[in-house]
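The following pair of complexes shares a single chain, subunit A, combined with subunit B in the former and subunit C in the latter.
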Partner chain A sequence: MTRFLLARTGVLAVGWLLASLVIFGTLRLLPGDVAQVIGGTKASPERIAALRQQLGLDQPLLLQYTDWIGGVLRGDLGASVVTGTPILSELAEKAEVTIPLALLSLVIALAVAFPMGVFAAYRRGTGVGQTVSALGLVAAAIPAVWAGLLITIVGSTWLGWFPSQGFPREGWADPGRALRSLALPALTIGLGEGAVLFRFVRSATLSALDAEHVRTAMSQGSTRLRALLTQGLPGVGLSIVSILGLQAAALLVGAVVVEQLFGLPGLGSMLVSDVSTRDLPKVQSTLLVLTGFILVIGAVVDVVHRLIDPRLRDGAE
Partner chain B sequence: MKTLHRDSPRTRLRGLRPVVASFGGAFAAAVLGLTLLSALVSLFWTPWDPNSASAERTWLGMSAAHPLGTDGSGRDVLSRLMAGSSTTIVVALGTGVIAAVIGLLLGVLGGLGPRRGRQAVTVLIDVLVAFPTVLLAMMLAAVFGSGIPIVLVSLGIAFGVSIGRVLRAEFAQVASADFVLAARAAGLGRGAILWRHLIPNVRPVFVVQLSLSMGLAVLAEASLSYLGFGAPPEVASWGRMLSETQRYVSIHPASVLWPGLAITLVVLSFLLLGDALRDALDRRRGDGAPHPERELLQ
Partner chain C sequence: MTEPNPAPEYQKRSRSKTPLIVAVIVVVVIAIVVAAFALGRGAQEETADDELTVGLVLEPTSLDVRTNTGVATSQILLDNVYEGLVGIRAGTVAELEPVLATDMPELSDDGLEYTFTLRDGVAFHDGAELTADDVVASLAETLVPENIGFAATPAKVDDRTVKITLDEPNNTLLWQLANFPGAIREADATNNLADSAIGTGPFAFEQWKQGDSLTLVKNDDYWGDAAKLDSVVFRFLPEGRAAVNALQEGDLDVFTALEPELRDELQGDDDFALVRADSSDVFTLGFNTAEAPLDDQRVRTALSRAIDTDALISAQNGDGKPLGSPITELEPGYRDLTDVNAFDPDSARALLAEAGQQDLSLELTVPNIYPTTVADLLKSQLADVGVTLGIRQVDFPTWLEQVYTNHDFDLSYVDHAEARDFANYANPDYYFGYDSPEVQELFAKAIAATDDAEADRLLQEAAARVAEDAPAKWLFNYTPTNVVGTQVQGFPDANTNSRINLGDVSIQR
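Here is the complex of A and B:
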């Protein structure tokens, strides 16, 4: 296990470094002068020169890169060129919206996908089972923006249960209000991700039903349902855990669109506005934090998977 | 001898008949065919000019003159849907081509290349997977500005990496099969083995992945156009149409119906086409259960 942990951490570190090179490299491919782009075409030469110095663009590329990474490792992500505020504190503030949103969405996705996926597989070949499967497929094809608009029409315009836009200014001071404003956005992401997860749970359950240990349990007198619940589902659960890492990326993408749609002040809408205003240093650091986050979740999921899956324990290979 | 191994074009077409025979496959073929047709027709003719606005014709209901009504600027919804279908076709096909090239390259290098090459591709894929499609597209939009070409390139890269991830494992698995060993023992060269034995065996998985990627590309274009990084205002796109309805959603809820429905039907068709192709092509996994990896393209 220690060896596995060390190796996985090594892969994580290399992956993150490579990701930083990809981000830095791409944002430096910019045709023309970064300072000119940020300053705009009407900026005076003095302003451009000041920007160049402020951004360190007069330094060689390698030095710019090491300065950036060195700062990041010390916890200094730099400052926005548009507002001048430190990037780290703003990221932390926006994460207070995005992380609860992502967690809530994940809970909804699992709560929808797991029971329905198992049911659709268990009732394979029957009308009900096929209807549920077809619904899952259609749901996976619905664009997030459309789902969000439809959910707004039902949950806000017609029923009036939840606000359709915004997040309370005072944040989590009033948890009930904050949660209510996250309800429709989380439902939008959760149902979309749930549809993807559903197809996965269904196929994992189908293979579990055909697996030898489940069939053995049935041959020993266990009913099909009982055999599935006691022998099959643990394996299904484990295979779901193993893909949760990839889901982190999907949740983040969902958050970008849905935060914009529901006017939530989270990381997603921040990134959209930073890209629009060409706040490149901020986009660069934000992307590094987000990809790092996705890589870390992938690594944590791998470790957890190895801890709880007896087939992967040391010596079992 | 050669003719014995190769399918003639006719038998190849006949092999596709089971795709259309299933309900899902027939549905997919009908929707995608209609979309392609409407895209082609829209190049020469649409009932109205899709971009001509008129203050007198806003929010008209369905009528003989405007079968699907008009939008908040008085533009004909059917004409805009038709014009938007060509954008959808360009996005799906363009992303498909780029993703196919990248996916095959990564798959061959990562599954069959020299040891060092395989490891490098593995790490590269793991890193690139951490850049979700939409984030990658936004990163490129920050540098090069937004537009359909940027959408194609970024989605092509993102889905190409996903396809490469799956193909790498498939190639590695097929390469260790006995018939490949036999072919090598019989003195067949590397290129010949790749072309005659490896690629045909990986083809079902590849085709399914590609179909799935094209569907997800249409979904991603809708998101990107909504965020303002996709189709520019003068280009008709279903994603853009959908995002334009948001402002009026509480007054004219019905306006969100058509563009959303069009996107959903096309994406659903690509998903169904993937399933139908898998069932028709895949001789190794005939159980109808989706392969776990295929479900995870994002």
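Here is the complex of A and C:
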């Protein structure tokens, strides 16, 4: 296990460094820069050149990269080139919206996907099972923007239960209000993700139903349902855990679109606005933190997978 | 196997059993949602009675008025937080009035020296008294040729008098003083100007939650008539749909510049008035006049005549006025020039034939902050005279780099929001590449004129000349729809795309 942990950490570190190069490089391919954005359509070329120098944009790229990554390794994410505010405090503020949003979405996704997936597999071949499967396929294909509009109409315009936009300015000081403002966006992401997860659950359950240990249990007198619940589902759970790492990335991507749609001041809308002002130091530090987060989740999922799957334990190597 | 296999039992598959796990998850989710719902019910939004919430489409990139001249920064900070020696009268686009100066300045006979007397008893929001040194230090930093295009030297005469000296007469100085370059800052303040602001206006800066909102509070020690509001929250809603929802939920008192497509959603709602605000915004289809084929005036004229601007304005749900030159009726130098190169597809086709361009293919570069309604319509109107228009949507920084800086484009579609920006047509390095010595000379004379009527006449002449030369097609003068709650009184009804002076606004709930 120790060897495994060391190796996994090594992979994590290398992957993260490579990601930093890709992030830095790709952002430098974007046309336009922050000096032009600040100057707008009134500034003279001399003014822009002076700004560029003042902001350090005229430094060689390699130097800019080493400055940045050196700072990050010392725990300094840098500051926004536009407003000079420390990036870490901005990230922490926006994470108060995005992390709860992502967690709530995940709970909704699992609550939708697990029962429906198991049900659709269990009733394979029946009308009800087919209908549920078809519904899952259709739901997975609905774009988040459209789903968000529908959910807003039902949850806000018709029922009037939840606000359709915004987040309380006081943040979590009033948790009920904060949670309410996340309800519709979380539903939008959660249902979409749930539809994707549903297909994984369904196919995992299908193969569990056909697996030898489940059939053995049935041949020993277990009902099909009891065999599935006691022998099959632990394996299904395991395969779902292993794809949750991937879903973390999907949840964050979902947040970018949905936060815009619902006017939430989270990481997603911050990224969009920072790209549009070309505040590249802020964008790259944000992306690097998110990438690190996703890589760590991936690693944790691997470790957990190893711990709960008896076939992967050290003795079995 | 030590145990013997039990004999197989055949039993009916039970259909009614529901897996425990399902029940648990469903209950947990329902519990969370209900809890949120129930908790939230108790705490309805409580806003102070005299707090005004204004929704804006754009958020400032930075609050530093020395470098950032974006419209969102001026909408929030000019007039409300920062003031100049002179300012723009609320509700007008270009009428000037004294603000931190007691009167409009005394001008020397040669038109080179402007002498201002400072108002007494003016204090910054941190309590420091406004002095002539603050004024001179502020202006020395921002009233520079890189910002205003000409040399101006501020100097302190005595504690209450400041003199600005020009190298050559220039009647746009006062206009510059009423805008960003004239915003007076405290010389000794050490705050980060990019994310805070200390000025002398009726409102003091309180807090900026980036990506969400910016809050101003009433300045109790204001030198003039105190503000009627206790606080103002500007909320940033780039998504028009979210803005409409926020209005309907009562989260906003005012929203400025509603997307024309969303007008219908609020039409007939008794809680709001839809007000079209006059503005100096000119949606401009710029031609790259430095490159073939648009260096040929016949081609530019043909394109201008192929465009039916009335149809464009209808597509904007009426949020616009026809315009024949870059100067709107609210600015000096306006003359109705809508009949120059008016819609005439037959003449457009004839001119294209004469120029040998019957099979013309052009590309239109459009920043993606604008809806594509107008661009799509232009494409079909130009197709009607045989011009194929490709539409390329880019983000705004890309437009700034490729079109504005590198002049790498055929046609460009943007909103020129600045008032009194005719200088762009007298600057051959501007992105249109329009180089007319005649216009440049007329403009130089106009800004040097010491007599307002003479300046106006010269500008009109220059504008007429530009309209004939067609370096651009002025599609319409944008009159954005502001949604103003009926509880709000005195919200300015002009120029709100550039400045929102809230000094006289009040609210009655």
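Going forward, the second predicted complex is superposed on the first by the 283 of 317 C-alpha atoms of A that agree within 3 Å, B and C clash if a C-alpha of one lies under 4 Å from a C-alpha of the other, contacts with A are read in each partner's own complex, and residues count from 1 in each chain.
What we mean here is this: a contact is a pair of C-beta atoms (placed from the backbone, for glycine too) under 8 Å apart; a residue touches a chain by one contact, two chains touch by 3 or more.
Note that the coordinates shown come from a computational prediction; the quantities given were computed from them, not determined experimentally.
Q: According to the stated criteria, A:Thr152 is in contact with first (subunit B), second (subunit C), both, or neither; which is it?
A: both
Q: Taking the superposition as given, does A:Val82 touch the first partner, subunit B, the second, subunit C, both, or neither?
A: In the superposition, A:Val82 contacts subunit C only.
Q: Name the contact category of A:Gly71: first (subunit B only), second (subunit C only), both, or neither.
A: Neither subunit B nor subunit C is touched by A:Gly71.
Q: What is the contact status of A:Gly263 with respect to subunit B (first) and subunit C (second): first, second, both, or neither?
A: Once the two structures are laid over each other on A, A:Gly263 reaches subunit C alone.
Q: Between subunit B (first) and subunit C (second), which, if any, makes contact with A:Pro100: first, second, both or neither?
A: neither
Q: Applying the touch criterion given at the start, work out whether A:Thr291 contacts subunit B, subunit C, both or neither, answering first, second, both or neither.
A: A:Thr291 sits against subunit B, while subunit C stays out of touch.
Q: For A:Ala19, select first, second, both or neither according to whether it touches subunit B, subunit C, the two together, or no partner.
A: After superposing on A, A:Ala19 lies in contact with subunit B but is clear of subunit C.
Q: On the A-aligned overlay, A:Gly129 touches which partner chain: subunit B = first, subunit C = second, or both, or neither?
A: neither
Q: Quick one: is A:Ala144 in contact with subunit B, with subunit C, with both, or with neither? Answer first, second, both or neither.
A: first
Q: Which subunit A residues come up in both lists, the one for subunit B and the one for subunit C?
A: The answer is residues 30-31, 149, 152, 164, 260-261, 275-276, 278 of subunit A.
Q: Residue numbers of subunit A touching subunit B in their complex, please.
A: So the residues of subunit A in touch with subunit B come to 11, 14-15, 18-19, 22-23, 26-27, 29-31, 137-138, 140-146, 149-150, 152-153, 157, 164, 196, 199-200, 202-204, 206-207, 210, 239, 243, 246, 249-250, 252-253, 256-257, 260-261, 271-272, 274-276, 278, 280, 283, 287, 290-291, 294-295, 298.
Q: Quick check on the complex: what are the subunit C residues that touch subunit A?
A: 5-6, 8-9, 11, 13-14, 17, 19, 21-22, 25-26, 28-29, 32-33, 35-40, 42-43, 45, 59, 61-63, 67-70, 146-147, 149, 192, 194-195, 209-213, 233, 235, 237-239, 241-243, 245-246, 249, 251, 394-402, 404-405, 414, 416, 418, 429
Q: For the complex, give me every residue of subunit B touching subunit A.
A: 123-124, 126-135, 138-144, 215, 219, 222-223, 226-229, 239, 242-243, 245-246, 249-250, 253, 256, 259-260, 263-265, 267-268, 271-272, 287, 289-292, 295-296, 298
Q: Can you tell me which positions in subunit A touch subunit C when the two form their complex?
A: For this pair, the touching residues of subunit A are 30-34, 36-48, 50-51, 82-85, 90, 93-94, 104, 107-108, 110-111, 114-115, 118, 149, 152, 156, 161-167, 169, 174-177, 179-180, 183, 219-221, 223-225, 229, 233, 260-263, 265-266, 269-270, 273, 275-278.
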